[in-house]
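Both complexes shown next keep chain A, but they swap its partner, so chain B is in the first and chain C is in the second.
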Partner chain A sequence: MAAPLLFLAPSLVVVFAVLVFPIVFSLVVSGFKWPLSVGAGERAFVGLGNYVDLSRNPEFWNSIKLQLGFIFIAIPIELILGYAAALLLNREFLGARVVRTLLLLPVFFLPIISGMTWRFMLQPRYGPLNALLLTLGAPEITWLSDPTFAYLAVVVQDVWRMWPFMFMLLYAGLTSIPDELIEATVVDGAGFWRRQRSLILPLLTPTILTALLLRIIDALRVFSEVYVMTEGGPGSATLLFSLFANRVAFGYGEVGLASAMAIFLLVLSIVFAATLVRKNMSLDILEEKAGGR
Partner chain B sequence: MNKRRRKFLRNLLIGIAAFVVLVVELYPIGITVLNGFRRDIVILSGRPFELSQLTLRSYALVLKNPSFLLGLKNSIEVGLFATLLSVAIGAMASYGISRYRFRGRNVLAYGFLIFRMLPQISLVIALYLMFKAAHLRDTISGLSLSYVSFNVPYVIWMLLPFFAAIDRSYEEAAMVDGCTPFGIFWKVFLPLAAPGLVVSAVFAFINSWNEFMYALILTGVNAKTAPVAINGLIGGETLTWGQACAAGTIMLVPVFVFTVAMQKFLVRGITAGGVKG
Partner chain C sequence: MKKAAVLAILALMTLAVVGAETINVLLWDDPYPKALQQMLPEFEKATGITVNIEMLQPPQVYTKTAVAVGKDSSDYDLVAMDEGNIPIFSSLMTPFSEWPTGKVYPKVDVKSVTPAMLDVGMWEGRLVGLPINGNLYVWMTRKDLIENPQYQKDFKAKYGYALGVPKTYQAMLDMGTFFNDRGIAAGFGPFNGGPAGVLGEAIFMWEGYGTSFIDFKNGKYKVVLDKKKATEGMEFYKKLMKISPKGAETMAHVERQAAFAADPKGVFSMFIWPAQIAAYEDPDKSLVAGKIIYSAPPAGPAKTAAVRGTWALGIPVASKQKQAAAEFAYWWASKDIAERLVEANTVPARTDALTDPRFAASKPWLAAIAESMKYATSRPRLKEIPQIQDVVKKYWIMGITGQMPCASAVDAIVNETNAILAKAGY
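The block that comes next holds the complex of A and B.
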């Protein structure tokens, strides 16, 4: 018992200091009216008051609506694009490897560079997208100062950045399907759509579910790219959950209320993360060679 | 013969389609890199691109910009410091999990993984209050510590498959020779695990390099990193797109090298918790 403890002690100390303690502390703070600056009034215990306030706060529900819309619009599009690209690129042609690698660049880019890039693309007058609209004879769109278009732009940015993520996982899944199985359906005379429905989709379903869970967990905490792109604006048109919590804590200075939001999102994320871990992650890799000690 | 020609034509068409997809996908990145080599006044005029516009002026400006230079220095320091700590701590934990069986081992391993996936906003408010009380706010060590928090669980899971693949006979031989458990880990095991350590270190560094939210909230003037400095370049009233894009391109160089060099490990890296700032 002593030896494993020796190896695990440093990580346990870190996890306790910067993960467990902050969570417990957030839970405590969420029970208080807790101003950010000392001059802004006294701290006072309010029990579940912050959670009640949240449930009555239209801005809170707005951020939930925006967050859910973001997840339900962006992720299905990413899945479809990624699936199509995986099918297209699952064969060898000149430069196939280069294409498959370079497509992944946006996934690993700094989120803030993605936000900055799209902020530039959508600028009035000199932004490339508006230049294109003008060349086509269409009217210019002031993307980032129109609530609907700004929200759309945030979704488009995410689709652009993350569909290659779906592609990468689905492609990895596709290559693990034996060629003989696919050839067998070709010999049987099954067409493209029937082959998808009866063979490839069922075999890929576990991969698709994993990819969806990973993306949902990721999309629940989106912040940087949107912050740089719109700062949550115009008004609160793109104020997704994390951006709103940040504004409540460090803009309005209501740390207690923001902590209640933090706990709410934490619980939601743990549900998804635990589902993913139970479904997908396994210590079995350790058992093959392991005898234990 | 006919069949071979049809196959060749089909592959040619697919190659062209793939190339078009790639060009469209990388176009925004190309624009950003290109704008780093153009003057602000040219960018703002909306004039179409010409070769004569190319200049290193924005790079010269941004490399003299004290805010970005400090940010770059801090990004490198925090990245290296956080990586070193995370790999040291993570490798020990991963070794403990892969080589020993003990009560609570599964709970612990899966717990680490769940912690990796928690949203940063859920932790950063408490971290802000804690760091302020402990005078760690706006310090390199404070920010590095916050990066260690998400990198340690990540490194642990990145390393598990590497560690599981290492033959135990060396360690068993060392044990017969009377080495202590830590001596075996340090002198016998770690050299064998070097490739895995390098891969997880590279991932940990990129995680830290790309991070924005903790840096934004937990630092001020002294410890702010390059992403925060770049955000300052685009947020203001004056539009310095050229400088912002030059700075962004500098930040993208390690990421580009990473994506190409780590190809083999990208899927594993992403399923161990995703690369996300």
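The block that comes next holds the complex of A and C.
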């Protein structure tokens, strides 16, 4: 009995230190008034006080609204673009490999560089986008100074950078579908849309869900690119959840409150993951779907 | 024999490393500390103290200090504190009266610090930081524009008084509008970047219109903003926004510098932190080097206000190298170094360096700084300032860009600031 535990101990210690401890520590800190600097006051246990404060904070709810909007606008667009490109490039032609590789380039951009690049592109007077507008005789737009345009710019930047990620996963999924199956549906007279609906999409479902799950978890943590583009402004127009948490922790010095936000984000991620994984990706359901076909 | 020699060398090296004093210093990143850094080898040679300087953007200096400086331990032996953050860190810093006397450089006489700046280092009756730069609003006006005879003639014909350095808010608006409407230059360069900077602009307007923001009385902070005057100030700034360059809603220092010094049209007038003058007067970086007139800020209907943004050096109570840290601070604040920093187009806090007649002709901003110091105005200083300046920034920007009426923006600032103060127990 002791021997297996002894062998497992090193792994358990690592898992506890790397995964469990930081979460437990955040949970503990979230129960305290915990100033960033000890010079700003004493630490004090407040129980669920930080969570209550958050629930009463309109900026907190605004950041959640913006974050969810970001996820539900950007990710579907990325999915559609990625899927369309995967279908289009799932064939061989001269230079196909080069095209597929080039399409992936934005994914390799550091988020902070992507944010800076977009910030410069959208600058009034000097930005290429406004230069183009002026050349066309259209009025200049101060993209990042207008709340609506700034939010859209943040979304567009994310779509630009991350749709190739969707393409990469979906293309890999498409190539794994046996050609015989597709040829059989063609022989049976199924058109393009019917093939998508009845064969390709069902077979790609696990890949799509995996891609969605990864992107949602990633999008919930989006920070650096938005920070360098807008710092959450103008006003609070792009103050996404992680930016607000950063401001609470390092701007206001309220680490306890920020930890409560971190725990909230963790729970939100788990809810998303559980919904996607448990309801759509369990082996039973996949087998059931396969049987149904 | 060989082995013994190697061991002896290793032992000597270890002794040298252990014996050498090394201090870690955290500074803000701008031309002033960078100019100092060039002179650092002299200090290290004279004292044998090795100085590790870490320079960060001002918000990161606050964060790093908050995380790395505690009551019992400190990663730094000397930290720069922005004046607004001194209330937060004061309890962690050694009072200046307890700083050790210097072995190589004499302890700084606080009387050498410009009085308008000395106040920055004070908290609860004690000097907790040594003010190290002379940073407060100074006004820049384009000399080439106001000295153009045609512009002088046209302006006089339209407004009935002479074109020149704007002495009042109204003159600033008139002259700015004149240049902006003719497409000669943008009329004004606002600052809408970080929360601390936006609060500075708000204080500049509110004080100019005759109202303070937060007062400290009987141990309590209280919002004392006169809503009518504050709204008038905000409305006036809104007019200035209309004669500002495109993208003024989010202009921070980088964009202001680009608009004023790198754009061929440029900007007629705006404030500058003296710490940044070096960049505007560098002919390699600036199209307007040598073409700027420096003055005190224009006066509002009620008074002139020159918002202060000075840094002070603090030695953490937990520092184990207080002697070496103090030595470095004394060297930095010495007359010799201050004069050389003036020569490098930066602005120390020593009165004798700022008023040295040798620099009067070649450094025209020094006289303007001295004049501005008569009107030095501080932003509110309290621990809750990060939250408060965020509130001000949010509603100030909404008000001056027309996203909400100025009166409502002022109401929101007052209400939300009161809520923050109430939560803090005031």
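Just so it is clear, the second predicted complex is superposed on the first by the 250 of 293 C-alpha atoms of A that agree within 3 Å, B and C clash if a C-alpha of one lies under 4 Å from a C-alpha of the other, contacts with A are read in each partner's own complex, and residues count from 1 in each chain.
Methods note: contacts are C-beta pairs under 8 Å (C-beta built on N, C-alpha and C of every residue); 3 or more make two chains touch, one makes a residue touch a chain.
A quick note: this is a predicted structure, and the numbers were derived from the prediction, not measured.
Q: In the overlaid three-chain picture, which partner chain does A:Val52 touch, first (chain B) or second (chain C), both, or neither?
A: Neither partner.
Q: Which partner chains sit in contact with A:Leu144 here, chain B, chain C, both or neither? Use first/second/both/neither.
A: A:Leu144: touches chain C, not chain B.
Q: Could you look at A:Leu181 and tell me whether it touches chain B, chain C, both or neither (first, second, both, neither)?
A: Neither: A:Leu181 stays clear of chain B and chain C.
Q: Counting residues of chain A touched by each partner, does chain B or chain C come out ahead?
A: If we count touched residues of chain A for both partners, the winner is B.
Q: Using the touch definition from the top, say if A:Gly235 reaches chain B (first), chain C (second), both or neither.
A: Touch status of A:Gly235: second partner only.
Q: First (chain B), second (chain C), both or neither: which does A:Val38 touch?
A: second
Q: With both complexes superposed on chain A, which partner does A:Arg125 reach: first (chain B), second (chain C), both or neither?
A: In the superposition, A:Arg125 touches chain B and chain C alike.
Q: May I ask you to decide whether A:Gly251 touches chain B, chain C, both, or neither, giving the answer as first, second, both or neither?
A: Second partner only, chain C.
Q: Counting only touches as set out at the top, which of chain B and chain C does A:Val29 meet: first, second, both, neither?
A: Once the two structures are laid over each other on A, A:Val29 reaches chain B alone.
Q: Please work out whether A:Met116 is in contact with chain B alone, chain C alone, both, or neither, and reply first, second, both or neither.
A: Only chain B; A:Met116 stays clear of chain C.
Q: On chain A, what residues does chain B touch that chain C touches as well?
A: 125-126, 250
Q: Going by the contact rule set out above, which residues of chain B touch chain A in the complex?
A: 11-12, 14-15, 17-19, 21-22, 25-26, 28-29, 31-32, 35, 43-46, 88-90, 92-93, 95-102, 105-106, 108-110, 112-115, 117-123, 125-130, 145-146, 148-149, 152-153, 156-157, 160-161, 164-165, 167-168, 181-182, 185, 206, 209-210, 212-213, 216-217, 227, 230-231, 234-235, 241, 244-245, 248, 251-252, 255-256, 258-260, 263, 266-267, 270-271, 274-277
Q: Which positions of chain A touch chain B when the two form their complex?
A: Residues of chain A touching chain B: 1, 3-8, 10-11, 14-15, 17-19, 21-23, 25-26, 29, 85, 88-89, 91-96, 99, 101-113, 116-121, 125-126, 128, 131, 160, 164-165, 168-169, 172, 210, 214, 217-218, 220-221, 223-224, 227-228, 231, 241-242, 245-246, 249-250, 255, 258-259, 261-263, 265-266, 269-270, 272-274, 276-277, 280-281, 283, 285-286, 288-290, 292-293.
Q: Could you please specify the touching residues of chain C with respect to chain A in the complex?
A: Listed in rising order, the residues are 59, 62-63, 65-67, 69-71, 88-92, 195, 245-250, 258, 263, 383, 386-387, 390, 394, 397-398, 401, 403.
Q: In their shared complex, at which residues does chain A touch chain C?
A: Residues 36-41, 123-126, 140, 142, 144-147, 230, 233-236, 247, 250-253.
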